[in-house]
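The following pair of complexes shares a single chain, chain A, combined with chain B in the former and chain C in the latter.
Up next, the complex of A and B:
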């Protein structure tokens, strides 16, 4: 534990709970719903202490056809979590004959996070589109609370952009405005947080489908 | 003497002439419990299954009556037999399929699922405390490596891949019908495969159907297993009627 503390430069609670040498997605993640869909965004840096193990990782994992989750904290823990939620969500879809809803996916994620809170170091944001609620976003930070939000941010880099997102967010933004806001906010976080960097990956989920894009590190809206 | 006590009729132990009566009774139960017949066949890139839909009482909600189940999105099954046993077997299949996918990271191939279920069915034929399940399962999928695949698993624990098969009350007549068509089957496209299955059931039961009297389900290459709606079924029935006219 001490070795991890010595190496970490951030004040995020996540990095202090990781075991020495464990991979951290010390990170910036974000998800914002808009009319008819959701925009999810994340940086791409995975670090072990000061070494960047992967500078182009994909922190937006797919839980079902139109539901995704942004992962932060321990890379191993969040991968295990998404494996479990996919497992249960697929069974739910088959048994009910319906497409998965974001509420059910978030509920499953939160149940597992809460029941294993002593052994996990994971903060996730579940976002997606479903027939019942349209675009919705649920933030599930460390410990396993679940909060439905209009603009969810998470990860070590999020601490630097609380003020910015409060200022930029307006209700009823269009898809383009939401995408621009997400990209700008994550760029600002990447500029100040040592554990966030690389490229910005975005995922736009709507009734018509899913679009995944990325912005290379030298074309960020704000930076370096 | 065991001949006198007839225990071999009551539990799954061998009779003096080497038969397992309980397993044979399970077959009879599966075939005649519901009185329905189901047929299935595979074409060049599609598998189709058709069964009769009979609502046992007028007060039952017809939308809830179905023998077609999805196991995982790419594998479907048609159950024939004693309805609670069918549901129990479907639950077990879903558990096994999802457990495989969780452990190994990819969807279970239909042949492996059939094998697993057959092995579980066989255990029931060797336990004194469990009876065999009175149901026959027909599993379909379009496998990545083997193409369209159809498997039948019976109460004894046999499982075999088939080009076309049937189960239920008129199993023998349906199988005879398919034997005449087996040469052409491998060339049939999606529509032709579905129609072949519907025509088989029609000729065996000696009647024309309406869309609400049969359940038709298919799985196509790269696609999910799906049950056809009444409109889609009617379209096939109309095409068949036009072909004959």
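Up next, the complex of A and C:
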């Protein structure tokens, strides 16, 4: 297979829009709601070209107490995006006197992504728990579409696990089953995608609180 | 006569420029350099400073290191990571600054890496610059948690040496800076002087000696 052609098939839409030298959270990100909460997961690799600038980065950013967001695409754009949404959400909570809902956070994120679509290279997944809808997940790929989903995957590594997540996903999974599915899926993506790797970070959000953990790179459920 | 020197108001052309970067000449330079101007003007190339810079935390503080080819004036980085990243993001990568930021606060020692497009990462140790791969190979082999100050300084010096010797864009000598949690800061210029030029210069036979 022609080397140039082969290369073009593996570049995700996000990474082909990066400027030269810009850092990419190449990435595999995922979020799945369960009864009473949500599980978010991500790899930890940040690359510039073929060099890994950060092999233990945290791609799961906190937007408010029980709302998080997985970042993929340009590291600079997504960090600025999450800073803005965190700021607006804080203002929203002060002005309304209520905790933010995941829907509000996702809409805010979507608005900024859509209105600045020409200048941003960012695919995010917003997930969290709130009193109104319980656990919910919104996928916001490049361009600013917002879709509420039962099993959201994103980033360059996600292309390798569409089949796997379709096969593994069942409605009404328990918290433990959901966590296992997320860890397994991300491991498989990390094994095949050059832009994903390092450790798997997970974040489980429920009414009772937030649990953050990570699996070291040599203890992944799947991989060499 | 001398009317321009006695003008009551400063004309706009010599008024002090507003604060920040000025990109006034970008369009002018582009049209001068383009073929439509006759090709007589060749644009001066900006000097790129290849370099090796590193930072690491240890038990009692932070050690920063740099090769001397990049070190010019004594510029002090006083802005926090957020101010830097916001400014760099605003300029969308056109301000070509890749930084290692280190300092101590009430929570202890911290090291950040900041890229030209405005992304940041918080790490226990990091390297940047054209010599960063050479320096990172030393850090990845030898870094450990809770080093003493001497261990950290030695590690930083070895990492910068790796950049000096293996990267064509880095060279000369090494400067380090130790920032301790007790608030003291120690700048060590020329802590490694492995490429002394004075003896080489002195050995040249010249007609004025």
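By our rule, the second predicted complex is superposed on the first by the 214 of 224 C-alpha atoms of A that agree within 3 Å, B and C clash if a C-alpha of one lies under 4 Å from a C-alpha of the other, contacts with A are read in each partner's own complex, and residues count from 1 in each chain.
Throughout what follows, a residue touches a chain if its C-beta (ideal position, glycine included) is under 8 Å from a C-beta of that chain, and two chains touch if they have at least 3 such contacts.
Just so it is clear, the model here is predicted, and its values are computed rather than measured.
**Student:** Given the touch rule stated above, what does A:91 touch, chain B (first), chain C (second), both, or neither?
**Tutor:** A:91 contacts chain B only, not chain C.
**Student:** For A:23 in the superposed arrangement: first (chain B), second (chain C), both or neither?
**Tutor:** second
**Student:** I'd like to know which partner A:145 touches here: chain B for first, chain C for second, both or neither.
**Tutor:** Neither partner.
**Student:** Classify the contacts of A:115 with the two partner chains as first (chain B alone), second (chain C alone), both, or neither.
**Tutor:** Touch status of A:115: no partner.
**Student:** Pick one for A:53: touches chain B only (first), chain C only (second), both, or neither.
**Tutor:** second
**Student:** Contact-wise, after the overlay, does A:80 reach chain B, chain C, both or neither (first, second, both, neither)?
**Tutor:** Second partner only, chain C.
**Student:** For A:219 in the superposed arrangement: first (chain B), second (chain C), both or neither?
**Tutor:** Touch partners of A:219: none, neither chain B nor chain C.
**Student:** Which chain makes contact with more of the residues of chain A, chain B or else chain C?
**Tutor:** Result: the larger residue contact count on chain A belongs to C.
**Student:** Provide the residue numbers of chain A that touch chain B in the complex, in ascending order.
**Tutor:** 83-84, 87, 90-91, 93-95, 97
**Student:** Which positions of chain A touch chain C when the two form their complex?
**Tutor:** Going through chain A, the ones touching chain C are 19, 21-23, 46, 48, 51, 53-54, 56-57, 74-77, 79-80, 119.
**Student:** If we count contacts the way the header does, which residues on chain C are in touch with chain A in the complex?
**Tutor:** Those in contact with chain A are residues 85-86, 88-89, 92-93, 113, 115-121, 123, 126, 132-133.
**Student:** Spell out the residues on chain B that touch chain A in their complex, using ranges where they run on.
**Tutor:** Contact set of chain B toward chain A: 70-73, 94, 98, 101-102.
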